Amino acid sequence: MSSGPSPCITWVDERVQVTVECCGVASRIAGAEHLAVVLPEAATVLDLFEVLAERSTEMAELLARCACARGDAIVPRGTQLADGDELALLPPVAGG
Amino acid sequence: MSSGPSPCITWVDERVQVTVECCGVASRIAGAEHLAVVLPEAATVLDLFEVLAERSTEMAELLARCACARGDAIVPRGTQLADGDELALLPPVAGG
Amino acid sequence: MQQQDTPRIQSTPLSLDVLLAHTERADCGALAIFAGTVRDHHEGRAVRSLTYSSYARVAEKLIRDIEAEIAARFAVPVCRAVHRVGALGIGETAILAIARGAHRAETFAAMQALVEAVKHRVPIWKEEFYADGSSAFVNGCTLVAAEDLPPAESRLHCTPTQSIES
Amino acid sequence: MQQQDTPRIQSTPLSLDVLLAHTERADCGALAIFAGTVRDHHEGRAVRSLTYSSYARVAEKLIRDIEAEIAARFAVPVCRAVHRVGALGIGETAILAIARGAHRAETFAAMQALVEAVKHRVPIWKEEFYADGSSAFVNGCTLVAAEDLPPAESRLHCTPTQSIES
């Protein structure tokens, strides 16, 4: 985890800090493979997405089609985040 | 081709002589893998089958479900046979 | 690499690697394969081994005809089937069928149609040898032309569950 | 031979032989395989290579969940899929999926369902590199839960023909 401000970190002066791995095209659009985000207590995935959407219009458009993973599971938008959560942004998939 | 009578040869005193390879279960029911059969001139596959059906009831029953091959093709019952034809009795198949 | 024309009826073990190498195509993104292997049971009876036989003159031509017909029908560049004959033990491969196409939908469909056609239309026979020492030819689909069949029957009227004990 | 639990996401070349050896079953007479290989073209553009990436923590679990779900649904003992990640050249295998069952009908169906599910539900992404030097992520199926999608969209609303240039 990063120890100070950087272009990859959005500082919000509250209590829940999460890391976000940007997968596939999300890393290009976000301009980083990993983001650290601090959110208000009791923040949800939706709150996280709203913060991330401020990065760019392209990011906002992508987020509408991104799932969010925590650990080894995909979690709904309403999921409440906990401090230290390791999240991933999963854009639309195209395996095979 | 055999030079004289044997249990595998059905003699009919006419002009068209054909050989018949008995495939799969047909060889067991016919009691032979190859038969030589002499048929009247202008005989058809159907005529051949009628001669072969006389071997046993089991053979007659099998023949109803057997196709006849000549060379590399399956030919219909009405096909006229020629002297020297190499035929095969093809019982119901079960590949794979 | 050019497709190689190899026998479709083979008395030696079938090799998927060889079949794949003989049919490589850079323009095909999908490859579907079916392998039919000898099961240790059939209709509730323990099977020890199988013997397949074929009438190769017809079978070699018919398999090629079927491949061409299915390749055209499904618009896939490669359809290939090869069938083993002789004595096979449990787990050995009796049939390999492959299709290669640009996309998976038509490639799946072609591979399945190929397997069905080879099983139903090609002169190949299967004798099963059971644990109790007996054996039986597995009864299957008649190759009798539709015009020559009694009205009640049809080519599709297969009875693979019925055996002729011998 | 016991089924071996091996990684479903792999950065080294996929081996069909290894996959087959790890899933052998004497009670299965049918084996259906799908291999998705890198095509030299996509949507009319010449493709030089591909890079696949995945979110392995989710992908490894989801592929196993999908295998179990499909094995149960089609009553086949073996369903297994493995997906390559990293840079792949033309003709290299990106995905292998196999099903083994007693008979071919359910085995075909399981194999196809497995391929569809892995392509549509597992976090794997494909970036294509074109002959003209450009590249694009191929757009596909959203993994967003149905409850979180706008009413007009659905999970099945995939747009594999659309690329996001990057």
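Observations on the model:
We call the chains A, B, C and D, going by the order they appear; numbering starts again at 1 in every chain.
Note that in this section a residue touches a chain if its C-beta (ideal position, glycine included) is under 8 Å from a C-beta of that chain, and two chains touch if they have at least 3 such contacts.
Just so we're clear, the structure is a prediction, and the values are computed from it rather than from any experiment.
Take away chain C in thought and the touching chains that remain sort into A, D | B. Following the contact convention of this document, no chain is adjacent to both chain A and chain D. Summarising the inter-chain layout, the chain whose CA centre lies farthest from the centre of chain C is A.
One inter-chain figure worth recording: chain A and chain C are separated by 52 Å, centre to centre, where each centre is the mean of the chain's CA atoms.
In this assembly, the C-alpha centroid of chain B lies 26 Å from the C-alpha centroid of chain C.
Distance between chain A and chain B, defined via averaged C-alpha coordinates, is recorded as 77 Å.
If you average the Cα atoms of chain C and of chain D, the two centres end up 27 Å apart.
Contact of a single residue of chain D with at least two other chains is seen at positions 36, 104, 115.
For chain A, residues touching at least two other chains, in rising order: 96. Partner chain C is touched in their complex by these residues of chain D: 16-17, 24, 26-41, 90-91, 102, 104, 108, 112, 115.
Interface residues of chain D, counted against chain A in their complex, comprise 36, 52-55, 57-58, 60-61, 83, 94-95, 115, 118-127, 137-145, 147-148, 150, 158-160, 164, 166. Chain contact summary for the complex, chain B toward chain C: residues 21, 23-25, 28-29, 64-67, 69, 71-74, 76-77, 88, 90-96.
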